[in-house]
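In what follows, chain A forms one complex with chain B and a second complex with chain C.
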Partner chain A sequence: MKKVLKCTLFVLGLVLILGLIVPSGALAERVIKIGVIYPLTGGAAAAGRELRAGAELAAEIANTAMTTIDMSMARNAGIKSLGGAKIKLIFKDHEGNPTLGADLAKKLILDDKVDGILGCYFSSVTKTVSAVAEQHGIPMINGTSTSPPLTQRGFKWFWRTTPHDKWFTKDLFELLKGLTEGKVKGVKAVAKKDLINIASACEKTEWGSNVSLMIQSWAKEYGYNVRKSMLYAKESPDLSSEVRSLKAARPGVMLFASYTSDAILMVKTLKAQKVKTNVIWGQDAGFEKPEFRNTLRDSIVGILTRTVFLPKVAELKKVAGQVNALYKLKTGNDLGGASARAFTGLQTWVHVLEKAASTKPTDIQRAANAIYIPGDELVVPWAGIKFSTSGDEIGQNVLGGGLIGQYQKGPDGKIGLEIVYPFDVASANMIYPFQQF
Partner chain B sequence: MEILLSTIVAGLLFGMVLAMVALGLTIIFGVMDIVNFAHGEFLMIGMYTGLLTAKATGLDPLFMMPVAAGVGFLLGVLCYVGFIKFLLRGPMIAQLLGTFGLMLLLRNLALLIFGSEDRALHHGILVGQSFDIGMGVIIPATKLAAAALSVVSFLGVWLLMNRTKLGKALTATALNAQGARYMGIPTERMNALAWGIGVGTVTVAGALIVNFWSVNPFIGLLFTMIAFAIVALGGFGSVPGAFFAALVVGMITEIPGFWDFMTYTFELDWMANVPMTSLKYMWVYLAYFVIMVVRPRGLFGWKH
Partner chain C sequence: MEALKNALDFSDFPRIDLTVAGLVLIFLLAFPVLGFSSFAMATMIQFLMFSLYGMGWNTIGGYGGQVDLGKAQYVGIGAYTTAVMLIRWDIPFWVSMPVGVCLAVGWSFIIGYPLFRLKGHYFAIATIATSLVLKDLFEVWNFVGAARGLEISPIKFHPPDFLHLIFKEDVYYFYILLGFFLLGIFYINWFRKSRLGFQLRCIKDNEDVARSLGINVHWAKIKTYAIATSFVSVVGSFHACYIKNIEPEDTMSLTISILIALMAMLGGAGSLWGPIIGAGILIPLKSYLKEWLGATVGLVGIDIIIYALIIMLVSAFEPRGVWGIIEKLRRRKRN
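Take a look at the complex of A and B:
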């Protein structure tokens, strides 16, 4: 009896000593903290919700073994090379404000001690946040900001998975060229004079200003005439005078770069002003959001938007279909350009951490620079992910690609996006010219 | 020519809408000599009232204007009785800072309650409708309705001020409050009434404007600035002055349209890329500045 008592006391004592010596967190599950900065309120709140859902879904898949998903990150529960460490996302809301974004990045780095950052959708915010990350030597992966100069700054701690606006805008001009050459599915060759005059309206932000410059630059190269190139104040309460000014240019093609609330207002105003044109194209963002489709309904049939993901991709690509099903279960919506790229951004984080097998920033940096994720791992229709480490662009994924979709009404009466570019994967005949309002 | 005509029509319509916004400000200033910095915030409240009641009841936002008028009238009277009345006892600077504080309070309350998101009406009898009257002139139905109501409101207020005993009492209070009191006019009640009518007209304007503008807690500032420019141009306290000044300001905001007319009529390519639409409100503030320097009384002002 005495012996049993002695043993019990010994074990209890050992537990007590261990409890005092070993920090409480050490025995707990290891966690990798990623700070995620998105616009969760304000004019782009709807996009923010999508982005958040995309990143959260990727974290769920990474943290749980899911044999039904054909992705390497779904095979293990957590980061295998880090002993099954789980990804913990710490979300912050930048409200579309670059200064606030930078403050939040500092807080995440200094107070929350995050291992890395993901964000920020708005190129203007990504610019300031990445500067903070660079200053502190904390790795940042960006999945959704498309302003070209972001990867032309020579930053060592910044990597971007999405293709940027230079290439997306080129896709548009390839489509216009295809229209004049009769390459577009379901459309006979169009006279160039019907398309030659372009009017563009982009929001006056880092992203919009660069899109505007890209449009002018590519238009010159492809022989188009930009009759009106306008920058407007984002989240404008009224765009009547802007639309009248665009209309005055009598354009054959109207191009826009707007976030959700502006994109909706722009199309409403185009409709109210009964604007006539042959092609309306949006540079993704607001033009691709579910709110845009749900609010404007039939008015958007025929409008084009560049994107990196369409529900049609889910039909063509198995892994995209599997993830899309989970996303739909979670949110009620299909994956879109924003959510699919937010998913891919976090997925890239998981691969980089797996390769680094460490949370030391220099190890992560080395892994990111050497990473290669094959295209069949991704939900987006890209050849893969591989970052450039030399030349004009540092940290840019060189294997990305874009799509152009057109809103069309299906046989069930529902409005959805059909792929019209690249021509070889077109999922429907293109509607041309744009049905007049 | 299409561009010119549509620009003039758009300028006049927008001017009439702005007139409605400035009406309340001119009434309050005319009667009480108070510069109300919170004017735009009352408009914002009117916009939220129209938007939220329409969404809650499922009725068209046009039917919500009486609700907005009621809310505005009550709010105006409450503001006067609970706050402005006390400010009047202090120096002019107390009134300026007081209404500035009221502006910040209302804006931040809205931010707390509604968040910073833009909200807009997408459906309604007039929303998205427009009339093509030929010559390339398209008139949006919402703006036409707002302009028509603006004219009716101005006529109503003008008749009230000039053809009724109540109006004369309000004018007497404005000209000489002490003298009016000696004549048996309840000046306190007149002041409260002026605030009720002033805020009521601007909330009705808000309920109409929300048919074609989105609303967020910060929308008031733009309208406050424009309303001040209108009232300064028309003459502080002058009801007809405010109306005509609003038409002028409406045309000033359409300077980009006139610019486009010149650009495309004379094919002056260099003009196409001047960012005139980005500067559309700058001309209004410039006009405000010039009027304050050159003729502080405004065009029709009777206050000294």
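Take a look at the complex of A and C:
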């Protein structure tokens, strides 16, 4: 009896000592906290929902072993090099407000003690959030903001996976050039005079105003006339006067950079004023959201949008199809440009953490600068992910690329996006000229 | 000397007011060491900023009864002056801030002169229009970065930099702003007892009577408008260094103008404590409702509904704001 008592006391003592020595969290499952800042309310709330779903799906795949997906991050449950640590996403809503974004970044870094940041979709918010991350030496990966200057600031803690508007806008002019040279699938060579006059309307924050500059710059280089270049206030209640002004320019090509609510209102106003033009092109964002398609239905047949992901990619790329099926199960929609890039942003985080095998910021920084993710790992049709570490653009993925899709009505009567650029992967004949409203 | 005495003299307030103000001051001074989160600190900085904006607005809007809905233009002038001078010529905040005030006051004289020929709603609409026009001009003016705005690069300075007001920790910003906040209270305390303060209250009650008493109504309004502008411009300059990124859409938006007026009106226009009470209610409410109900509980957008409901209830119950409710209760107690 005495022996049993002694043994029990010894075990209890051992447990007590262990309890005192070993910190309480050490035996718990290790978690890596990533702060995710997106616009979950306001004019871009639809995009925010899509971005959130994309990032959440990537975290689910990273945290669970899924043998049905041909991705290295799906093979393990958690980050293998960190002992199976799980990714935990902490979402914050910036409402499209750069000041609020900066405050939220401070909260994530100082109060929630996140290991890194992902976000923020709005380039203007990405600008203030990345400045806070830079000051505090916390790594930030951006998957969805396309304003070119973001990676031209010499920041050491900021990496961007998505290609930016300089290259997206160049793609558009390559498409216009292809139209005049008869390279576009299903369209005979078009006289340049039908396309030479351009009118553009871009929302006037960091993103839209840079797109406007890019349009002017590439138009000059490719020999097009920008007859009207307009900036308008985002989330405008009325765009009638803007559209009247665009219409007066009698453009052959109309270009837009608009978030969801503006893109819908813009097309409704174009329709109401029966604007005539040959090409309508949207710089992604609002022009490729499910809400845009569901609200405007047949009116958008023939409208072009640049993107990085179309459901057609899922048919051409196996891994994209696998992820798209999961995403559709989760949300009821196909992956879009925003959700696919949010997914890729978080996937890059997983690869960087795996390579770093640590959550120390300097280790993450070193791993991000050295990372290479091959294209066949990605849902987006890029050659891969590799960040530049020198030159004018620090932290920019140099292996990204864009697509241009066109809304077309399928045999089943459903409206979807078909790839029209790059020409070699075109999935359908392009509708040219734009069917008039 | 007389002015300084008046600024520091709060003897006309009941003891309870001064006790509460003293406790609030002690709380503010000790705030950074009380172990609050960084989000609370950011919210507190917003509170101090909007209190100062509100104090400025209160001179012309509260004491003078001229509803100004265009204060964002002066936030922009202050912020852009500091940002441009800092980025282009490396000029310290303490030099650029007064320059910003001078430019803002100059602009306020230019537009104030014709604007104060208008009255009531016409004046309010005209202030909105001038603010939006200036914002549109800034959006196409390349010297100030046009719609892309200006960024004070965090990697070009070595914080803590007291000259350029560039810090990594918010605590420095907090104490500097708290200094401005206290100066603002003393100034408004002097202002309300000054000749101009009395003239304004007379103008608010009845312009014709004020004119018959020999008050130059137009000039009194213009001078007060310039005082209100100075407050807003100083905080605008501070905002540039604090956020380090300014764009017309963010800094000069109509939302900022309306928020400034709303804080003062909700707290109680025409009283010393009104704008502070308004900012003290609305700023934490907005931040924390969003954080708790929006981000934590997942009720995205519910914060906006509750926020609007509180504003509607206070406006319906007592149009003179929270300070009006307090005074009503006091009167009831006395009777």
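List of remarks:
Definition applied: the second predicted complex is superposed on the first by the 435 of 437 C-alpha atoms of A that agree within 3 Å, B and C clash if a C-alpha of one lies under 4 Å from a C-alpha of the other, contacts with A are read in each partner's own complex, and residues count from 1 in each chain.
As a convention for this text, contacts are C-beta pairs under 8 Å (C-beta built on N, C-alpha and C of every residue); 3 or more make two chains touch, one makes a residue touch a chain.
The shown structure was predicted, so the numbers you read here are calculated from the model rather than taken from an experiment.
Model built by superposing both complexes on chain A: chain B and chain C clash. Once chain A of one complex is fitted onto chain A of the other, the partner contacts of A:Asn76 are absent, as it touches neither chain B nor chain C. By the touch criterion stated above, A:Asn429 is placed in contact with neither chain B nor chain C.
By the document's definition of touching, neither partner reaches A:Gln152: not chain B, not chain C. Applying the stated contact rule after C-alpha superposition, one finds that A:Thr295 touches chain B and leaves chain C untouched. Applying the stated contact rule after C-alpha superposition, one finds that A:Ser209 touches chain C and leaves chain B untouched. Using the contact criterion defined above for the overlaid structures, shared-chain residue A:Ser388 touches neither chain B nor chain C, since it reaches no partner. Of the two partner chains placed by superposition, only chain B is touched by A:Ser245; chain C is not. Within the superposed three-chain model, A:Lys127 lies in touch with chain C and out of touch with chain B [touch as defined at top].
Of the two partner chains, neither chain B nor chain C is touched by A:Thr180.
The superposed model shows chain B running into chain C at a single listed stretch; among 111-119, 165-173, 237-245 or 255-263 it is 111-119.
Shared interface residues of chain A, touching chain B in one complex and chain C in the other, are 41, 45, 204, 231, 233. If you check the complex, the residues on chain A that touch chain B are 41-43, 45, 95, 204, 227-233, 235, 237-238, 240-242, 244-245, 248-250, 261, 264-265, 268, 271-274, 295-296. Across the interface of their complex, chain A is touched by residues 37-39, 42-43, 46, 139-140, 146-149, 151, 153-155, 159, 168, 170, 243-245, 247-250, 287, 290, 294-295, 300-301, 304 of chain C. Listed in rising order, the residues of chain A touching chain C in the complex are 40-41, 45, 91-93, 97-99, 102-104, 106-107, 109-111, 124, 127-128, 131, 134-136, 149, 153-156, 204-206, 208-210, 231, 233-234. Note for the complex: chain B touches chain A at residues 3, 6-7, 10, 14, 115-118, 120, 122, 128-130, 132, 138, 140, 212-216, 219, 222, 253-254, 256-257, 260-261, 263-264, 272-273, 275-278, 280.
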